[in-house]
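Shared between the two complexes below is chain A, which pairs with chain B and chain C, respectively.
So, the complex of A and B:
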């Protein structure tokens, strides 16, 4: 009899179809969130507001993509397919990332006239980072032990990312009027999208019952508590409850922005997925 | 009378400075230095710095598109390193500019107006993934050759920055070589991508080292050699590049778009077809295939981030 409060390996997880399904669904949410946000970060490379930030932001994007790689490899181990194929060959409706991470960085393309919005980059990365911190803390107690284990390693890196974005938020909030106005507008834009970030999707109840992660309400509540505390300390007005976007990314509903992102990031791999690159 | 004293003082200082150089001493940022030494360094290092920064852009085109998760991680780190090199070098040149009352902002202005040039290779198109490999392998390979020479530069802060840069460039060349090897050993379509990229980059790689000397060395090169800012001529560096890379290119079963290239054992040097040096001048003047587009990219991001720089300055003033 397997103890489903402490699943030690992929082999054991694969012996219970319902557990496996919920676990894979959760891993796709985690992996796709990090992968797509890191992709958006990679579009920024070379375009950040100053050279030092370019280097720092790229480190964060690399860590974040590194987390996605670990998670896709866990999925590979669970029989979901090759990690590279999972990242690059699935259709948009198979992606489980939240809408927030797929939004474009701003108008234009990274190759041609990118009119990227730095305030949005900060607002998005900070809001996501705060959520990721809470999610990782919850995963420390996950019944899937390999995930609990990597969540600790990821959290040590994420804490630096979050600190970085928090410093930026504070800088902008406490400097010029224009910076504050731009930051507030960007936060509004983030708030419009952020609702499905807290969603665990159609298999939410199974995930919670199997002890894979804490429930949606609890994650949201912790996020609000921490966020309000930080906003208050900076003198920023809390933008209210997160609003739910039209699509629910956790249910495979996405915007054209994800379609564009996937087409770009898989362009070379799709030339010949059977070749070695 | 006073002017004369000042002049002779100046001459004496210059002579002492040159003697330091001859003795192989290294110059630090706070040391006295003649204006032309400072100006040569600014010209060289500012160009190197913006070349690193502009040089991030052609490869960056392939960062979001890199074919596997591992390649995505590796190329992101590689391009980040290049930006980091730009930053290191900017810091070196900022110290040299400070007594002239100039800053990093002035350098970027000079870049946008075309007064400050960047390396010819970064004006070129990089239309396929194979170009990302060839840039890492051969462009970084060429850079290692010129930068290794400057490790012995008389200006210590530049030499120190280069020491770190060269160490990282070696990883970059390996990163590029790994992409290239995978393509060379891959499908016929992958091999073709690679061959096309080598053909495309060859003339630009020859140009990378600058025009040959034809017995006469430019006053610019001469001054740099007198001050031991550099120790080898353009042609010597190009020959060193051939020594290292032509055999490797052939070893992979690739060809070069120059049928005449051959090594003359007796002379101990390579004979090769000169690239179009008129085209080279046009490229570095900002009339290369991608010059305008890449400058535009940098300019748009610079201008649109003005409010961010303003915000940081305002914050600094409050804190100060």
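So, the complex of A and C:
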């Protein structure tokens, strides 16, 4: 008899179809969030406000991409397919990332007139980072032990990312009137989308019942508590309750921004999926 | 008797691993970095459990290759298996005293002992030992390092992040 409060390996997880389904769905949410946001981060390479920031942001994106890799490898172990294929060959509707992470960085294309919005980069990465911290803390108690283990390691890295974005938020909030205005506008834009970040999708109840992760309400509540505390200490007004975007990324509904991102990032891989890297 | 042979074998393997350097800091070995968790040998199959410093460290494949090549050349070894584990998690606490000295000689300040997340991180210059240093960039040329500047001897240097 398998104890579903402590599932120690992929082999054990695969012996219960319902558990496996909920676990894979959760792993896709975690992996796709990190993967797509890291890709958006990589699109800032060479465009950040100064060279130190370029080094910092690309380092953060690299860590985040590394988290996605481990999660896709966990999915591979669970029989979901090859990790590289999962990242590069799935269709947009198979992605489970939140809408917030797929939005473009701003106007223009990376190679053509990129007029990206730095305040949006800060607001998005900070808000997401704060959520990721809470989600990872919850995953420390996950019934799937390989996930619980890697979540502890990821958190030590994320803390550095979060610290970095928090410094930036404070910078802009305490800088000129224009900087503050732009930050507030960016936060509004983030708030328009951030609602589905807290969603666990159609299998939410199964994930919670199997002890994979805490419930949506609890995650949202903790995020609000922490966020309000930080905003208050900086003297920023809390933008209110998160708003839910039209599409639900957790249910495979996405914007054209994701279609564009996937087409670009997988262009080379699709030329020859059998090539050795 | 058989057990004794196996132990001797493992000691040899540990010695060989000591020769494998961290691909990004070539003065320090993976053993000194505290990255080798366990080595075992059974029927010619050697298993090495490695603890990555960072989840997405791009040097992991290089490490796997170096370990496989080094231990694969030992007589009697048929196969080398390299596992990357996150339990126990690597922490900067695992770096040996010898490793810390080597880092300093290379111009990288070692991480503080018994660091607790959230505590202020005070870094002494690896060249002159002065505590009068400033953080230039929390993020450096590798995931595990930051860039600092010494106001005393006016050298830029790197420091290994405490995690």
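In the analysis below, the second predicted complex is superposed on the first by the 276 of 277 C-alpha atoms of A that agree within 3 Å, B and C clash if a C-alpha of one lies under 4 Å from a C-alpha of the other, contacts with A are read in each partner's own complex, and residues count from 1 in each chain.
Heads up, the rule we're going with is that a contact is a pair of C-beta atoms (placed from the backbone, for glycine too) under 8 Å apart; a residue touches a chain by one contact, two chains touch by 3 or more.
Computed from a predicted structure; not experimentally measured.
Engineer: Quick one: name whichever of chain B and chain C touches more residues of chain A.
Structural biologist: Touching more residues of chain A than the other partner does is B.
Engineer: Tell me which partner A:175 touches in the superposition: chain B (first), chain C (second), both or neither.
Structural biologist: First partner only.
Engineer: Quick one: classify A:157 as touching chain B (first), chain C (second), both or neither.
Structural biologist: second
Engineer: Between chain B (first) and chain C (second), which does A:45 come into contact with in this model arrangement: first, second, both, or neither?
Structural biologist: So A:45 only meets chain B here.
Engineer: May I ask you to decide whether A:12 touches chain B, chain C, both, or neither, giving the answer as first, second, both or neither?
Structural biologist: In the superposition, A:12 contacts neither chain B nor chain C.
Engineer: With the two complexes superposed on chain A, say which partner A:149 touches: chain B (first), chain C (second), both, or neither.
Structural biologist: Second partner only, chain C.
Engineer: For A:66, select first, second, both or neither according to whether it touches chain B, chain C, the two together, or no partner.
Structural biologist: A:66 sits against chain B and chain C alike.
Engineer: With both complexes overlaid on chain A, does A:55 touch chain B (first), chain C (second), both or neither?
Structural biologist: After superposing on A, A:55 lies in contact with both chain B and chain C.
Engineer: Between chain B (first) and chain C (second), which, if any, makes contact with A:89: first, second, both or neither?
Structural biologist: In the superposition, A:89 contacts neither chain B nor chain C.
Engineer: Quick one: is A:185 in contact with chain B, with chain C, with both, or with neither? Answer first, second, both or neither.
Structural biologist: A:185 sits against neither chain B nor chain C.
Engineer: Going by the contact definition given at the top, which residues of chain A touch chain B in one complex and chain C in the other?
Structural biologist: Common interface on chain A, chain B vs chain C: 52, 55, 59, 62, 65-66, 69.
Engineer: Name, in rising order, each residue of chain A that touches chain B in their complex.
Structural biologist: Residue positions touching the partner: 39, 42-43, 45-52, 54-55, 58-59, 61-62, 65-66, 68-69, 72, 83-84, 87, 110-116, 118, 171-172, 174-176, 178-179, 182, 264-265, 267-269, 271-272, 275-277.
Engineer: Per the contact definition, I'd like the list of chain C residues that touch chain A in the complex.
Structural biologist: Listed in rising order, the residues of chain C that touch chain A are 54-58, 86-87, 89-91, 117, 136-141, 143, 147, 161, 163.
Engineer: Spell out the part of chain A that touches chain C in their complex, as residue ranges.
Structural biologist: Within the complex, chain A touches chain C at residues 52, 55-56, 59-60, 62-67, 69-70, 149-150, 152-154, 156-157, 159-160, 163-164.
Engineer: Which residues of chain B touch chain A in the complex?
Structural biologist: Touch residues, chain B against chain A: 53, 56-57, 60-73, 76-77, 79-80, 83-84, 86-87, 90, 129, 182, 185-187, 189-190, 293, 296-298, 300-301, 304-305, 307-312, 314-315, 318.
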